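You will see subunit A twice below: alongside subunit B first, and alongside subunit C after that.
Moving on, here comes the complex of A and B:
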């Protein structure tokens, strides 16, 4: 048991979290999903992110759920994100589902809960596929095409650049606190709670130096952006056209769309057939 | 092609009491390779910012006089037009890179200025800068030197006629520094660009630059051809610029009467051979080599360590492979090796920040894995490469006292005052560490590091980014750390620091220890030198070039070979002056 907790604690370091975030952001740029045209995916998301809310048929939702599970798999999402997804879904509705089962709920009480859980799950997984599986830069370009302002798409792309830098800096600042700090004893139960409180306080305090350091480094960034013509690009429609010129709908996109349509159609047909049988 | 002419330029930052630039008059011809030198705060960066139009278009201040690029006043030109003529690479170049991938960042400016062939331009710039193999990488995958080249490529892509670089090699090992300067040389000679560098490393100035401009108190003192400039030893030293060691040595020898009065001072080893050659008195003084004193008590040990990094994609690379090493109490160790050889990983292992895949790290006989960070904090202290990350409070005083205060150490206020005085920070005690100059920040981070009287001190690149005067100051500070903190490990590229201070040198290359011993042994091993691109001080190579058998690590060592034996007392006197 001791070994096990040690093992888990070993894994759950800031370093591990950092690696997971990096993996998610940069490690899956060669998947099928990442290579799709962002505009196609955004439209695809419009369907999978909205329509499930209006469906109440378990079979149909289950079919959609299976499909987004496959797209999530194809996008090679980092385990941490999936874990957070599971926690999220469970905390939304899943626990009610289990509680209902526990107190002898029958099919009638469980069915609506199952529907709700499935709805949340489908929408979340679709979001994860699009926003996490797609290279943020391509995502930004897709949004630019749909008329989002250039500042927004630049912010996404810049965040993508600066993220690893910030995470490393945060890690180092947190470490400064840990090495110089003096945490409460954690032998007793109350001590453990105090220790946890201390850790949380430290994490919160670490954000202040991080912000100040970021403010300091942004002075150069702002000047460099000016020199590199960022302001011009916002005023010049030609730049936007050039940026978007590389977006192209390919055969792969068509195949993806066709598969999605067929899958949904089959699901609808099956659920209709099941309804008829009942 | 462009020439720059500056006429009567005076500039005052808003809110500043005194002008940063005063009546600057200077001309930079086309195709020139110019070094801009001067002590900290003499206005070098400000002058460069007037060339690319950041002043007065972006940074508003009180400006009089004219800056003419190609005969046109920068006040009347737009920044965009100027950017196509003048490129600027910042000292903190990392913050200049704004795109996530190498390809995008190289072509970013071209895209913004709506150039049709922006991708082609970016690719070409990357090829010139030697980064074409990294084109599809993410920026964070690059090493420090490669990032610098990328920042340069991002500017070169616009094919400006003038490129300005602010301290391009401050954080690089010698091999990477050579790489940057070779690229600049190519841009200068083959593409006929004007290159302006702000530089402290005079050996590079002597090797690559054609002209030198000395700035002092905001005005141009002189502009001279590089060799002639380097020979003005006394004037340069007044401005905290240290000419190449051979030049300093010759200058001192002329003053001592060893060399004739009319000697033209050498600026390179080649010239040195001709000038010093006839005057050597003795090639072998049978000086005793320093030895690593065997100390018994083991402070820390690495036993068969293998470390992999978590990789984002594919197989995780091994940083250290079956690595073993003992560190004994009282040792002064310098850890050297090229960027990415595993130096920082070693320090992180000691602090328990990285856990090895196999093997054990022990500190005072106890495995690090079983010790809490706080417990480790009592025995050891790590001073980061980037001092900003050590400032967790809003004033230096609070930062220094933090560790003692939370541990409820008695009289912690007194000890804080002592430390502030020792590191000459008393006047700055209530200021935020981030707002100090580079040298002050470094001193503050050292004070924080030794506040708890750790037995062992780990320093990661303590002299990176500092000018030579400040580096000497840090070295003096290290000499003061006697007493409780007697085991010190420094990871560094600064060979002067290594030679002056270290008793034991450990050379890492690709995760292996390839040399371990005193300086004479490490530097005389040509294999080691070839492997990791470490370079001893110039004077050492000068001595070798003249066939001197003893190792010369300081100018004094070198000069001894030209002195009469009975002038030993002179030498003792000079030693005293050196530390004064």
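Moving on, here comes the complex of A and C:
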């Protein structure tokens, strides 16, 4: 157990986080999912993100779950994201189950919760496939095509570019605080608490220089945008058309859509057959 | 040059970008760092809300609030693939409302007492709204909510406790204290970097009073929209119950959904084509 926690703590450095996030964003351009048209994927997500909430059939939900597991595999998602997904699903429903037991629930409580867990899992895996599997620029363009506000697609593209810079800067500030600081002893229990408090205080304090630096940078960004007529281009349909001209629906997209439809149809048939048998 | 101390459009954009990138970075960390539990009390660093709160008190509150919500959406949800679709609208709206109200309550950022009170009010508003939505969500999402033994009590208990815990623990420790520390320290230093004057009583915002009825009404409407969005995303049973007459089995519903999807696809295609032709 001790070794396990050490292992986890070893991995949780800022460098590791940065690498994982970057890998997730830019590392898998060559997967099947990343090559699909973002518009097709968004519509696909609309189906797999909404429909499971309306279903109560365990067999059907299991079928959909298997399918989104396969698409997630095809998108080659970073392990960290998958780990977060597992934690998220458990904390949403598993925790509730334990507390329900505490209040006099029994094994029957588990059935509705299992259905709910499956729903949550299908929806979040579908969203992981679409939003993590796609290149951020393509995702932003797809959303722009559906008429999302230009600010949102700007935010997505901007976020992916600014994040590595920001993370590095935050790390530098933290390191310089650490170099100059004098952390309390952490041998005793009280010392450990004080050490934790010291760490949190340091993180909060390091946002002070970070805010000032980011303010400077955001002014530069906005001024550069204004110089290039960003706000004008937001409203101009000509610019939008040029920006979206690269989006094409290819044969691969069609194949993907057809496979999805067939899979869902087969799942429906199986669940109907099962219902007849019972 | 700028006697009214007005905030220009591009300065609003700067505040938006600033708030988005900083709060986005912070939420990314909180998403990745697991919270640890001592007994049933959860000590989570849930919350770096002090960043948008500070910015909302120093600059234009609305831009800072929307920027923070957008940052959370983009950095921690979309980038990590945790995007929950329509359900995210709830978080977006509650964060925006909470931060905006806190920002509007402060007139002079130099007064620490007001800053502290406003930040804790902002957190409380945001948390309470989130708590109500969460309870309603489970109530609609689980079939026969009342019939499942022990579930209603446990939901009320966990949600209420989490809410209180968040307001008192995270709220004071991670929102109020850092905001009290940062706002007076940054005041007068960060504004010149964005090319504007420090905020004081005379600064003109789009609204007039600190808490006009209009803002309250807009907040309530926004909150209602948040609840509706969340319920649509997670429940949906109500919608089906109305049409239960024809939707006898799950299969029928699915077929209907597929047909609807196809129709929607065709409609979107037609609309896009028309629009493209009209432009030419």
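As a convention for this text, the second predicted complex is superposed on the first by the 252 of 278 C-alpha atoms of A that agree within 3 Å, B and C clash if a C-alpha of one lies under 4 Å from a C-alpha of the other, contacts with A are read in each partner's own complex, and residues count from 1 in each chain.
Basically, a contact is a pair of C-beta atoms (placed from the backbone, for glycine too) under 8 Å apart; a residue touches a chain by one contact, two chains touch by 3 or more.
Predicted model, so just to flag it, every value in this text is computed and none were measured.
By the touch criterion defined above, A:47 reaches subunit C but does not reach subunit B. Look at A:184: by the touch rule set out above, it reaches neither subunit B nor subunit C.
In the superposition on chain A, A:15 makes contact with subunit B only, while subunit C stays out of contact range. Once chain A of one complex is fitted onto chain A of the other, the partner contacts of A:232 are limited to subunit B, with no touch recorded for subunit C. Counted by residues of subunit A touched, the larger count belongs to C, out of subunit B and subunit C.
By the touch criterion defined above, A:150 reaches neither subunit B nor subunit C.
When the two complexes are overlaid on their common chain A, residue A:55 makes contact with subunit C while staying clear of subunit B. When the two structures are aligned on the shared chain, A:173 is found in touch with subunit B, with no touch to subunit C. Subunit A residues in contact with subunit B (one complex) as well as with subunit C (other complex) are 136, 158, 160, 205, 212, 216, 218-219, 221, 223, 225-226, 238.
Contacts from subunit C toward subunit A in the complex involve residues 9-10, 13-14, 16-18, 20-22, 24-26, 28-29, 31-34, 45, 50-51, 54-55, 70-71, 74-75, 77-86, 138, 141-144, 148-151, 153-155, 157-158, 173-174, 178, 181-182, 185-186, 189-190, 193-195, 233-237, 239-240, 249-251, 253-255, 257-258, 261, 265, 276, 279. For subunit B in complex with subunit A, the touching residues are 52, 54, 58-59, 79-80, 83, 88, 90, 92, 94-101, 104, 108-109, 111-114, 116, 118, 138-140, 154, 310, 312-313, 351, 353-355, 373-374, 376-377, 381-382, 384, 386, 388-392, 402-403, 406-408, 432, 434, 448, 452.
Every residue of subunit A that touches subunit B in the complex is listed here, in rising order: 10, 15-16, 19, 22-23, 26-27, 136-137, 157-158, 160-161, 164-165, 169, 172-173, 175-183, 205-206, 209, 212-213, 216-221, 223-230, 232-233, 236, 238-239, 242-243. In the complex of the two chains, the subunit A residues touching subunit C come out as 12, 17, 21, 24-25, 43, 45-47, 49-51, 53-57, 60, 77, 80-81, 84-85, 87-88, 95-96, 99-106, 108-109, 112-113, 115-116, 119, 123-124, 127-133, 136, 139, 151-152, 155-156, 158-160, 162-163, 166-167, 170, 200, 204-205, 207-208, 210-212, 214-216, 218-219, 221-223, 225-226, 231, 237-238, 241, 261, 264, 268, 271-272, 275.
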